[in-house]
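In the two complexes below, chain A is the common chain; its partner is chain B in one and chain C in the other.
== the complex of A and B ==
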């Protein structure tokens, strides 16, 4: 079953993003929010992992990106920006939500 | 769709409560049902009516309460977590011999079974924590 994984911590602070990446399956999605948005930024170790994950969609929460002063130009290619309504849509679209808290 | 929300962190220290609130509000505005919001661990701190943030800051407790009022939300606080952290309603004050209560009337104290029930009855359980 496809899942929506949510990660809310920076990959440079905690290992939840790495744990998520070790478990996410093809056809699932990862939503990065709160400090998790840093995993969506270009030129980082996290960016390489995002790029290497085939068949996994990546989303980032726009308000949390903005709150941290990160512009969308800083995002790794292929990462899509959503708002809270988009977060809800993703939670409904995928079979279950796995919160990596 | 029917959602259950779990909040594991207190207000003002972590973003979890803010994120949970914005998610819950967005879901309700899209016409989804929130079966229950369950406050667990330090999340019980979201339920004290005595909170008094500066006037130019958001009042997280009142914000949850206003959402509950508007959408008739069931907001449940874990009893064991509440006892440890001094979140008290009339029943708990009586049972534990306390001289005051502090729970906001839009919240209610109950057991962990309410979280399990919410997870079973809902199509999605979304957890917000640290």
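== the complex of A and C ==
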């Protein structure tokens, strides 16, 4: 069953993102929100992990990006921006949600 | 009470909206500024995200407190140390930060930069030179 993984902590401060990446399987998706959005930005160690993950879709919550002053140009290639309704759609689309808090 | 002026440093290590630390630090800095001490702030680790320009919190129903950093100069808080390595690790440069200034009344209110870019090594020395350090 494919999973939607969510991460809401900064990859610099907590191991949530790294643990998520170590457990996410092909065909699943990762949604980054709150301080998790920093993992979606270029020029970071997290960006290299996003780029290296094959067969995994990455999403980031737009309102949390904007709040932090991060433009979409800062995002690692392949990361798609969603709004709150998109968050709900993803949760419904995947078999279950796995939260890395 | 002693009139001795002490050197106070506030260490900011957290991103702005995921926790209350950044907001609380600002509150304490503004209170402390009323006591005529020699106040400095340091932004390192995720703390550098606090002063990224262009913050817009309309979509997350939280107060955008980033304009407050621009007001620090009016409270004679004019030294904002930013750690270079912390910026680099986050794919940021000083150009991604707010243009924070203060006005020097001794030089006909000339505008001066509040941000002082320092290396990790230099920041260690700044910390060493303080009387009191508050961590957020």
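Operating definition for what follows: the second predicted complex is superposed on the first by the 101 of 101 C-alpha atoms of A that agree within 3 Å, B and C clash if a C-alpha of one lies under 4 Å from a C-alpha of the other, contacts with A are read in each partner's own complex, and residues count from 1 in each chain.
Criterion: contacts are C-beta pairs under 8 Å (C-beta built on N, C-alpha and C of every residue); 3 or more make two chains touch, one makes a residue touch a chain.
All of these numbers come straight from a predicted model, not from anything done at the bench.
Visitor: Mind checking the superposed model to see whether chain B and chain C fit together on chain A or clash?
Guide: Superposition check on chain A shows chain B and chain C fit without a clash.
Visitor: Vertex at chain A, arms to chain B and chain C: angle between C-alpha centres to the nearest 10°?
Guide: One gets 80 degrees for this angle.
Visitor: Taking the superposition on A as described, I'd like to know which of chain B and chain C A:87 touches: first, second, both or neither.
Guide: A:87 contacts chain B only, not chain C.
Visitor: Please indicate which partner A:44 is in contact with in the superposed arrangement: first for chain B, second for chain C, both, or neither.
Guide: In the superposed model, A:44 contacts chain C only, not chain B.
Visitor: Just to be sure I read the superposition right, which of the two partners does A:34 touch: chain B = first, chain C = second, or both, or neither?
Guide: A:34: touches chain B and chain C.
Visitor: In the superposed model, which partner reaches more residues of chain A, chain B or chain C?
Guide: C
Visitor: Please indicate which partner A:71 is in contact with in the superposed arrangement: first for chain B, second for chain C, both, or neither.
Guide: second
Visitor: Let me test your reading of the model: by the given contact rule, A:101 touches which partner, first (chain B), second (chain C), both or neither?
Guide: First partner only, chain B.
Visitor: Pick one for A:23: touches chain B only (first), chain C only (second), both, or neither.
Guide: neither
Visitor: Determine, under the contact definition given at the top, whether A:8 touches first (chain B), second (chain C), both, or neither.
Guide: A:8: touches chain B and chain C.
Visitor: How far apart, in Å, are the nearest Cα atoms of chain B and chain C after the overlay?
Guide: Minimum C-alpha separation, chain B to chain C, in the superposed model is 5 Å.
Visitor: Which parts of chain A are in contact with chain B and also with chain C?
Guide: Touching chain B and chain C on chain A: residues 8-9, 34, 63-64.
Visitor: Provide the residue numbers of chain A that touch chain B in the complex, in ascending order.
Guide: 6, 8-9, 33-34, 63-64, 83-85, 87-89, 91-92, 96-97, 99, 101
Visitor: Can you list the residues on chain A that touch chain C in the complex?
Guide: 8-10, 12-13, 34-35, 38, 41-45, 47, 62-64, 66-71, 74
Visitor: For the complex, give me every residue of chain C touching chain A.
Guide: On the chain C side, the touching residues are 14-19, 45-46, 49, 52-60, 62, 64, 66, 89-92, 96.
Visitor: Under the stated contact criterion, what part of chain B meets chain A in this complex?
Guide: 1, 3, 8, 15-16, 19, 22-23, 25-27, 29-30, 32, 124-130
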